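Across the two complexes that follow, subunit A remains constant while its partner is subunit B and subsequently subunit C.
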Partner chain A sequence: MDVTRREVVRAKGRFASGNLVRLGLMAVPFVFFGLFFAYPVAAIVGRGLRPEGAWAFSVLGEVLADPAIGRVLWFTLWQAAASTALTLALGVPAAYVFARLEFPGKRLLRAVLVIPFVLPTVVAGSAFLALLGRGGVLDGLFGVRLDTSVWAILVAHVFFNFAVVVRTVGGLWAQLDPRQEEAARVLGAGRAAAWRRVVLPALAPSIGAASLIVFLFTFTSFGIVQILGGPRYATLEVEIYRQTADLFQLPTAAVLTLLQLLVVVLLLAWHARTVRKRESTLSLVPAEQTAHPPRGRGQWALLWAVLGVVGVLVVAPLAVLVERSFNGPDGYGLTFYRQLFTDTGNTTFPVPPIAAVGNSLAYAAAATALALVVGSLAATALTVRRGAGGPGRLVRGFDALLMLPLGTSAVTVGFGFLVALDEPPLDLRESWLLVPLAQALVGVPFVVRTLLPVLRAVDVRLRESAAVLGASPLRVWREVDLPMVGRSAAVAAGFAFAVSLGEFGATVFLARPDAPTLPVAVARFLGRAGEANYGQAMALSTLLMVVCGATLLVLERVRTHSAGEF
Partner chain B sequence: MLELDGVTVRFGTRTALEEVQLAVAEREIVCVLGPSGSGKSTLLRVVAGLQDPESGAVRLAGQDQARVPVHRRGVGLMFQDQQLFPQRDVGGNVAFGLRMHGVPAERRARRVAELLGVVGLPGAEHRAVASLSGGEQQRVALARALAPQPRLLMLDEPLGQLDRGLRERLTRELRRIFTELGTTALAVTHDQSEAFALADRVVVMEEGRIAQQGTPLEVWRQPASEFVARFLGFENVVTATVHGDGVATPWGKAPAPADWPDGEVRLLVRPTGVRLGPAGTGLRCTVEARTFRGGSGSTVTLLLRPAGGGPPLEASCPLGEAPEEGDVVGATLDPDELVLLGGA
Partner chain C sequence: MHRYVRRAAAASTALALALLAACGAGSGDDGKTVRLVTHDSFNVSKSVLKKFTERTGYKVEVVSGGDAGAMVNQAALNKGNPQGDVLFGVDTALLSRALDQKIFTPYRAKGLDKVPERYRADDRNRVTPVDSGEICVNYDRKYFAEKDLEPPRTLDDLTKPAYRDLLVTENAATSSPGLGFLLATVDEYGEDGWNSYWKKLRANGVEVVDGWEQAYNDRFSGSRGGKGEGDRPLVVSYASSPPVEVVDADPKPKQAPTGVARETCFQQVEFAGLLDGAGNAEGGRKLLDFLLGKEFQEDMPLQMFVNPVREDARLPELFTRYGEQAKDPATMAPERIADNHEQWVKAWTSLVVK
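Up next is the complex of A and B:
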């Protein structure tokens, strides 16, 4: 009796309760993004556009009409497009090789591929400087210097984002049923036609997602352009930094921030529109079933070509970095590493530089915890089922909002923190939490993107059978969802950790002089002349790389075959 | 039409096909029957060119196919799980092969409509693949495979996942369609009733080798080996001793044909060859289990436990005459229903 009565009540309340649960879950992420993203960004933009308490919209027109700013915008757009195209051209074949071919050392190499992605842009920039710049390897061997050409920036962007394409596209490719291709072949399609008409359409959403991420990253590129661009090339982000930190032109910086945000929002909206149209149910199989050793001359050639690209583009810069860190004034040795432990007492480093390792780890750990909480709540909210129909507009908007920090000027966020979070009740200037909060902002999108596909893939019938067996909704989540998501939560945590470790644009504003993080310390060294400073920058970069690499290798072990979009 | 000559395929140390000799004549429907893992699907993949044989030759219309790529072989293959392209609608799937062969749009549309009619889905061109039921997907896959008019159509477990009624109807339809269109077909299945209903000739495979081939009736009547007999569902296989004109089995003696050799043999007793009488006649047995499988035959399968020990005996008898579980009956063997098994 009791049971039937409750069932009736539940059936009536189902529609509303689904939405209520969703709203409840969304509350924390909403507040988090509101306080630590929207508010600081709004504050700094407001300060720029209302210098004396009155709106000064004239600055909009002035800045936008400035031909120099026009050139910066144009450069930002075309270098992002070119970098994305180049990354896809090199990354898609590599995605195939890593998805479908079996070869020794594949796991290790796949972990190595991701190191650049989580490496701080400053470190990546310095690696390329060591490779392509004055006195670099290329200079030494052929007398060629690329550090002031746009190619250095493009190649560094490929170095950075190669893993995004390989992982995102390759992850799906590994699970595409090869028999789809075979079906097309049997129906008379040649190899190329079968690929174009069957494989490519199936891969399109993941290629779209990868392109979006690469474009966002390169569009807002800061560290790399800052180091490799020289005086000639600047992205919007670099210009924002220059206007904010060097020229104190807050109005100009505010306009540029808005401009950047506008482009990113338009892009996200356009992407959400086109990608959703193309998504279709694919026939997927476990990845282990599709990989095989290379067969025939074509596959061997492709494998070697990809290994060559990886060697030149990814391994060489990393290797040069390590080499430089050991190459001291008296030949190879640990000189630079030893110097890291000495307390110089000067203004750049009030503490021994090695302290940055501890700072970085502590900040990154806190940021990871924050990102994990906020991100998993958001991901769960996005998967709570409503009575009928697909996800509503609210959910889609929320989904897009979560991606926004990836495309927003980190410089603006960092400076916004300083401007906005300085009054009670939110006076965090003295708080240790300031840095992790900013770092968590970039960590959350990774957590959401990693958890979402797995949560969505949990078969509804599993949840239903648990419910039929008497589990309450919370219990269902704990008994069914959590165990399945556990592994990818670990992967998500690892990504968030690595990204926090490498965050530079915001941290550079927020880290106190006596508590620098690794990337900030590297940048400080690089900003000063002298061989010892350069060597120590390389040594710190190497340490950072080792920390990132170790995290990733651990991740590679727990990685499930269905984990995530990154 | 199709000839396989000594085809061998190995995956690492595992042999999927060993020295397979097989010929399929024009307009013939051949069904390869075997348990999973016996190399059936590999056989189809070798013919389609999706898998290279380690040795041996595949000939289509007398021509060696070793250097012919998949898309130029002119064979069709219907996959076990259909593999319809999820991005295309029904019409797009069926038209795919025609487009690959450069058939002009207008003729393509006509052919697609015609084929959808043949498979019983007229007007389904614009339906999404995901909206189709299992049986409908199977029909679309068939139409797609038939569209480019392959000289040989191969089907991998064509009716595997369908329910029984649908399967029987589709089996009849497949035969009708193949006969009507003059299709040469090579199907593989693990389901004997499907194979027997569909095929002109049945090929039974055992661990990559052909164990027996013949018309469905021949194979059913005279399984060549114990493996084939057991695979066809016969359980009454025992060692028996032939002596002169009689054979001694654990279930009693029976007359033996004159051409059986003396000595120990493996013997199959068909369930229909076990005659039941009142207790006291023949072998005294207890009815241990009684299974009624339905169908038009209305026969009951009985599991008999001989009173004096010995292996259990399977018998079948009409529903009306069947004893109850626990009854005691006498069993005698019908000499016409004894089959001498060859091989190991």
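Up next is the complex of A and C:
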């Protein structure tokens, strides 16, 4: 009796100190974001708004009053909203299929879905033009041409972001206890009603998280809008790049950066109000128990429909690139791949181009490690002591801060690094670390968004019982949270890795010429005329796909093992 | 329980310290390295670079920051505390900005007396001309042979009905050849005439895409990289693009698969300069001398596909055999470009794109 009471008192004491724990956990992410995001962005915006050491706020009015900027903002917003809606419409059914149905090749296909994520937009754009553009496959078959139309942009956005929905939503869906839905059906609810009242509310947080990420990605879309939309369309991101890198109008760029940040902050606030409210404790089960082979005509039809969409939208563009990488000067062969291994004898590739594979892997591994550490600390901090009252304002602000890099222009961050991190002790301009740091900034939001819904779904009573039984907070985390989160952590790591592997906008400014990443090397080849350069660009892109796919397959394997710990 | 707070705080401190240590290790200024800041099209034979090291004792480290515009802007942001010692790759269109931003310090490179007056742009030698290149309309020989059609020669030709829907060019707002082509037309038709020229060009079906990569690789029918899948036989590219098309060909064809419309060209000169506040100014000066030296000048054509500015530099056979010389290429004073650039691009955009 006595012993138990003492334990309870001690447990209560631990929970009372939750805020302190939270602050401690937040320290690392806070320092990270302060130093490598807030400070550089503030520095470059400051340069723009204080050109001669005095604040020049007049530029604010001038830029915002420009009707052309208004049009850019409007286009940026509506294309992002439309892209998000389209990606959800196609992605949620696919999430179900990948979460609940068993079919051969599922694991491979799920890894393939993520590949678009890592492809440089200039490469993916080229593949899309081959399919949708003039003289493309669709043109030949049906006379349909989508290039330089807004449809090409939307379809390409689905191509890039499909995996976000399938994996984020599917990750949770696979672990939802199907018995709840079955119970609703037994109690007389129709299929639609059971879905609407049981499944959908449970999925809401992950659908919200996926929409948020897709929206932010398409909101800051750059290469796709330029390549597929042509010069007629511009997003804020395109305009910021033009003002910064082409015109050197830092004041205008600063105002646009602030405008972009403002929209993102408003969006995050709205997201927090509407979606996170719905987060609730769910009963989670291992994914293996919920998946089954398709049953009945409906499920088969759904499976084929999803496979069709995936085939046309994701696999076909990738296949075009692979085909081109083998289509050498003397018919199909490995010519371009062999060329990748030869020393060019010049400084464009001081080492054989194939070395880019190693560079990319090393950078991405470092970035993933950084993102996982920072992201999981942040996610844990955000879930500490959920039981007693909602999260405070500090926490919500912190949560939003972590998402901001996704909504910030890469050129702003890239230039900001060069302006802010140029003095000892933080003269990072020459350091290799700059690349993984910039990449991790984009990876952390994925880790946080993927882990949060699951962490929040963990029943607080489980943690409390563990604490009551004498487990230290660390042990509670290890024994309760970690096993449940392990699966999502692998998903998160996969995303962070893919994002790092594919990051181009900031890396192109920061990577050293003698150590290019794969996307940077591809861009270097594409910038030069001649068959060999084009072919090697395609070959490197294919290798990028293979590297990405293989890594994800390995991660899936890891995930399967850890899921056995349930 | 405060243990955990302390532990987390300690972890964050450790992380920060590790980062700081990593940065410190990055910059190794031993005085034996000279840093060349340049754009991502820069290229030189390693053997040529090695000779520089053998002769001067300095190792060259290349630092690249995206395209030429981004590179100049970064240098302006890091003014006085530059990323390197020498900057190469400021072109005619960017020169005024680079000079206005005062990123360079004067130095008269050895060998400048071998460079014709027309290439020099600064009396005070803050910048040194290194190479020149022309932006020209290229054509697909096969297309015009099959159609039994004379390829266009001049800007005027491009508005003729015979060449309807054949030309693809780049966005003048974001692409360097796109801007060069616009400048060629401004030079040819003057402040009052270029608008109506572009109206005619638009009426004749000119296609505008974002960048050179899309125009040349995806849209142009004559590029071997794109397997001739594009359906536009005319593209705005460089005078040196035809030699590039045959550089890897084995055996070499009689003629390059593409040709140059010789009276549609705009000449760009690329400059280099010693960065103000360079850590290794002595090495930087040696590097500038080297960029104007005969070895580098004769290496350039095959590495960057540009023409040397030194009179006595010999062009490689590939250029003399497959290259075509632009005829009276258009040029423009850097100040005039700087003063009008934004306004021209705006007018062009509303004329052609919208």
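As a convention for this text, the second predicted complex is superposed on the first by the 412 of 566 C-alpha atoms of A that agree within 3 Å, B and C clash if a C-alpha of one lies under 4 Å from a C-alpha of the other, contacts with A are read in each partner's own complex, and residues count from 1 in each chain.
Keep in mind that, in the parts below, contacts are C-beta pairs under 8 Å (C-beta built on N, C-alpha and C of every residue); 3 or more make two chains touch, one makes a residue touch a chain.
These numbers come from a predicted model, not from an experiment.
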Determine, under the contact definition given at the top, whether A:A550 touches first (subunit B), second (subunit C), both, or neither. neither
Answer with first, second, both or neither: which of subunit B and subunit C does A:L108 touch in the superposed model? neither
Looking only at subunit A, is it subunit B or subunit C that touches more of its residues? C
Of the two partner chains, subunit B (first) and subunit C (second), which one does A:A193 touch, if any: first, second, both, or neither? first
Applying the touch criterion given at the start, work out whether A:V28 contacts subunit B, subunit C, both or neither, answering first, second, both or neither. second
Have a look at where A:A184 lands relative to subunit B and subunit C in the superposition and call it first, second, both or neither. first
Is A:P201 touching the first partner subunit B, the second partner subunit C, both, or neither of them? first
Return the residues of subunit A at which the contacts from subunit B and from subunit C coincide. none
For the complex, give me every residue of subunit A touching subunit B. 177, 179-180, 182-191, 193-194, 197-198, 201-202, 280-283
Write out the stretch or stretches of subunit C touching subunit A in their complex. 1-2, 4-9, 11-12, 15-16, 19-20, 22-27, 40-47, 49, 62-67, 69-70, 72-74, 76-78, 81, 83, 97, 171, 173-174, 208-214, 216-219, 223-227, 229-231, 237, 241, 244-245, 247-248, 303, 305, 341-342, 349, 353-354
Quick check: in the complex, which residue numbers of subunit B touch subunit A? 48, 50, 69-72, 75-77, 79, 81, 83, 85-87, 96-97, 100-101, 130, 144-145, 147-148
Of subunit A, residues touching subunit C in the complex: 13-14, 17, 20-21, 23-25, 27-28, 30-32, 35, 44, 47, 122, 125-126, 129-130, 133-135, 226-227, 230-232, 242, 244-248, 324, 327, 329, 345-348, 350, 373, 377, 411, 415, 418-419, 421-433, 473-474, 508-509, 512-514, 523-524, 526-535
